[in-house]
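A short write-up of the structure that comes next.
Chain lettering (A, B and C) follows the sequence in which the chains are written, and residue indices restart at 1 in each chain.
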Amino acid sequence: MLGNVRLAVQHLSFVILMYGGRFGVHLGSAVPCFSCPYVYGCGGNCYLMGLQGYIGFGLTWAQLWGYQGLRALFWLVVFAAAASLLGKLWCGFVCPFGLVSDWLTYLRRFLGVASLRLSRAARARLAPVKYFLLAWLALGPVLVNLGLLHPDFYLPFCQICPGKSLLPLFEGEAKYLTLELTNSVTLSLSVVLMAASGLTVAGSFFRERLFCVFCPMLALFNLLRPLALARIVKDPGLCQGCGACSRSCMMDMDELWLEREHDSGDDGECLGCGGCVEACSSRGCLSLKFLGGTVVGSSPELARGLRTGGGRARG
Amino acid sequence: MFWLAAPPLSRAGEASIYILDLAPPELAKSGLARAEAGLVVLAGGRAAAAKASDVAAEFFWSLRTAYLRGGDDHDAGVGYYQAASGAAGTVVTAGGYSSVDLRARVVAGGGVEHFAQTVFNLYGREGSSAADDSLAPVPAPAWPLFELTSPEPLYWPQTGQTFFLKFIPGDRGDRTVGADDGASDHDAVSDHDGAGAKTIVADNDAPADNNNGGGPGGRGLPLTVWEEDSPAPLFEIWAGADGVYAFTPPADPGLDAAGATSAKKLIFVRALPGGGTASLTLLVHRSREARRDLPLGLGVFFLAMLGGGGLIVAGRRGARY
Amino acid sequence: MREDNSGGGTRAGGAGTVPGSGAGSVLTAEGRAEKIREKAGKRILAEWEAERALLSARDDRHESLDYFLDLVKAPPSPAEIEARLRSRVVGVVCLQAPPELFLALGLHPYRLYGGSQNAAAVAQPGLPALMCPLLKSLMGEMTADPGTAGIPWILPTTCDWTSGLPSLKDVYFPGSGDVRVVDLPRSKENPVSTEGWFLEMAGLWKYLKTLAGRKPSRGGLLAAVGTVERARAAFGETVRLRREGRVPAVWFLLAARTFFLDRAENWTRAVEGANKHFAALEPRLKNGVFLTGSPVVYPNFKLLHLLEEAGLSVLGDDLCSGERLLFRHVALKDKSVEGVLRALAQTCHDGCLCPVFVENKRRLGPVVEAARECAVGGGKTARPPGGDKTAGSAVRGVVFHLLKGCHPYEIDSVVLERETRRLGLRFIRLETDYAAEDRLTISNRLEALRPTLDAGD
């Protein structure tokens, strides 16, 4: 049931965020997911672009103390508020790029191809990459402003983000699937972009939400986690250790499964998809909470609502 | 001749510096020196130089086409709409921008008139939300005017983008034959980063039709194309049968290497009967789209995709259940 | 000539006899064995029939429960099941080998455990006195029906008795069927053991494919998962009704016992039918207890009857012969064959609460969950007030059924006693076996327990 709700919300969000601008919908410059401004007519701008540019690290020191600085602060507050409101649910329920990745996963499941499993050690090694990308996203524009980096490193993360090349395809625009031969910097960045895009598509086919392992937006969410109003919470006393939550996790997290003492939940790699809550058949063990109140709690009935065998793939 | 250009980021109501550059070789003989105008504030139909220069300059500006975002004081609501051309009473507000014609006139020794024009984007001042209705429109002077169009969207003028210039002499002399026939329907041909204009000083000899208007013998007087600091014009273009000049700025390796926001000034100069000149200055950036190679990009994309997928499949070759 | 009522084993001059002097023919070894088998079979059958008669005579017997009673008319025989279901029967000791793997290949899993005191009594001489009663009873049942020893066995290496079973089988039933050992990692919740058990399951899958002689499709495996999932859903509803005090323990455990005696689809339908009957019964929440410990296996329902007689209502259990029969819901994300194998493996390993594992702290989970689900007044889900996890619950005590000779559960009882007392529940450990001699002792202890359940903490 929860999975179906997520599917519906994801698709609605995709339509709004990808095409909303064409109908006069624009949610501003601080959308906490990959609502890509490279998509003409998008319904809101991914905050990462603004953060690298005109409402963030792209501002000069002088601009920071002026009106533009205030504006940057405004959008930061808007982002923090929006990110806190839904927490990781932005990733699991709203992000259009996440939905594209999920489509690849549904295709893989339909074909019965086994999933690529990353060991815990591998995941631990890959997890810091998102923070490096966040640092790159912040540092790059500063270095450009200081003249230490070529101006074409402007929007340094957007230049290599697979969302830039792949999302515009859904409005018929293929111009970002190109190598940009203008100079060596644009060429290098576009080569990295094409390689990242190709690897993302291939990787996301075999491994659910592979890109999210590296997503700097997730890094931002993790930094803001103490403010999150929507959380996934575990009551370890009710856990029977079956591992269903771990198997259902889009990110192959086993932290939730192995937790025995604290009410941990959506930290680290969690994308707030609620799959763990739906898969857990121990009543009340896992819950999706908002402001401390339970929105959905695990139960045998909810778990049995999942189609597990014969019939169409689980949503 | 002289030319003028606006800085890359101009905001309504803010102090802006417009450089009036009087080309020394032409006017030095007439005693006019190279000068910079001081602060120029666009506060109405007329703008005045706050700091006097050696040359008295008279300015006129108008909104070419305006794209304004509706705010509290507008009934349009959120969205974009097109205001009437020449609605000088409307000041561009926050979130909006407008393409603006700025024109100036100087009188050199002997009463010879020189006109300069530039087209630039004027952005709404941050924080401004109310239109300034105190500005009264002024009648447009009958100065020579260049009408600039392009078949491609004018993000900002770029190399490789084809520009069509129609010269309207006003009451200053002969107009290009056919120039008042209204907008011509030009093919949206864009020879991105078109090379091969008929250049005077450049090395490239390959002619391109759209930079020549049919070659010498085309209608009317030619336009010469200068770059800032170039000692002599780089190109000479002639109007086509419809009286419109077509020009595609060729790629500039310096611009390509410098960055997306770097720009150079291209100055189009048309001689006037009576010895004067009219110029149009464009701030040209490097082409945003010309250097995109789709086949190469797709090649790298698919190589990475197949390579990554292949590695994964190869890694699980032994596992059969 | 000796009296022969076995139908041919001791005919004069026939097989099984030799001419003897004096009183007549003497039984050959084969004849003796046949006689023992026959006698054992009769004794075991008598016990099964007696228990069945007891259940049939209950006031709460209903036609929807006749399906289960019919399946326990006689001790099950793999040959009979094979003939009835037209599927090859494969024996499974313990539950860590998931039934889905068998069903996907058209094989029928047959759980190898015994609940018969008479079977334990007739089990081969020379077996240890304090052998696990489940397995001793199994050995006795094989005495009566050697066919059970002849089928292929799947044996997860759970406890020491289980691990020693193949050796005993070889001694007493030489040349009998193959035993496929699957090495069960005794630690849980770490990547090495999880991966290790998956590899064992993958190996088991390949082995079952050779047994079945066919190549299964992914769709077939998913269909089997779906079949068991539907069974799990029906059984889960029974559990829910049990929490409301509507399902007597004897019927619950009888239903669980019969899962391996018929096709899963038939069993599911029967359980769904029984659920309708149970839903109409009056709830009995007073003196609610949670039953845990060693499995309670038909026909040895001694403890269940004693609990009922003492006025205690079993509102939940975590017996592998009871509520844990089908483990928990198998959440499938990856529906490739590998993904399904991994999901089944993890569910049956990490989700298993048997005390054979090194660390079993999760085993308190079912107790707490059941306590929470049993609100006083019969509500479906109870959120106990305050910090006490069991306050306001109808479950007031834990009854630990400990079979003599069962060392893992003996250790487990020490841990559970402490944990349940911390939860504010009463705790009683009943160490017993299949013999009836200790009925009175147990009854007295349960009678003494009952008033303390009302007294609170």
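Convention: a residue touches a chain if its C-beta (ideal position, glycine included) is under 8 Å from a C-beta of that chain, and two chains touch if they have at least 3 such contacts.
Since the model is a prediction, treat every value here as computed from it, not as a measurement.
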| request: Using mean Cα positions, find the chain sitting nearest the overall protein centre. | output: A
| message | Per the definition of touch at the top, where is the C-beta contact count highest among chain pairs? | response | A-C
| Where centres are the averaged C-alpha coordinates, which chain has the largest centre distance to chain B? | C
| task | Indicate the whole-number Å distance between the mean C-alpha point of chain B and the mean C-alpha point of chain C. | result | 86
| field | chain A and chain C: spacing of chain centres that average the CA atoms, whole Å | value | 46
| field | Distance from chain B to chain A - Cα centre to Cα centre, in angstrom | value | 41
| query | In chain C, which residues are in touch with two or more of the other chains? | reply | 337-338
| Where in chain B do residues touch two or more other chains at once? | 319
| query | Residues of chain A that touch two or more other chains: which are they? | reply | 114
| note | In their shared complex, chain B is touched by residues of chain C numbered 202, 205-206, 337-338, 341
| message | If we count contacts the way the header does, which residues on chain A are in touch with chain B in the complex? | response | 24, 26, 67-68, 71, 114, 116, 150-152, 154, 165, 174-175, 177-183, 186, 190-191, 194-199, 201-203, 205-206
| message | Please output the residues of chain B touching chain A within their complex, sorted ascending. | response | 77-79, 126-127, 256-262, 286-287, 289, 291-294, 296-298, 300-309, 312, 316, 319
| In their complex, what parts of chain C are in touch with chain A? | 188-189, 191, 194, 218-219, 221-227, 229, 232-233, 236, 239-240, 327-340, 342-343, 346-347, 350-351, 353, 361-362, 364-366, 368-369, 372-373, 381, 383, 389
| note | So, in the complex, the side of chain A touching chain C is made of residues 109, 112-115, 119-120, 208, 237-248, 257-258, 260, 275, 278-285, 299-301, 303-304, 306-311, 313-314
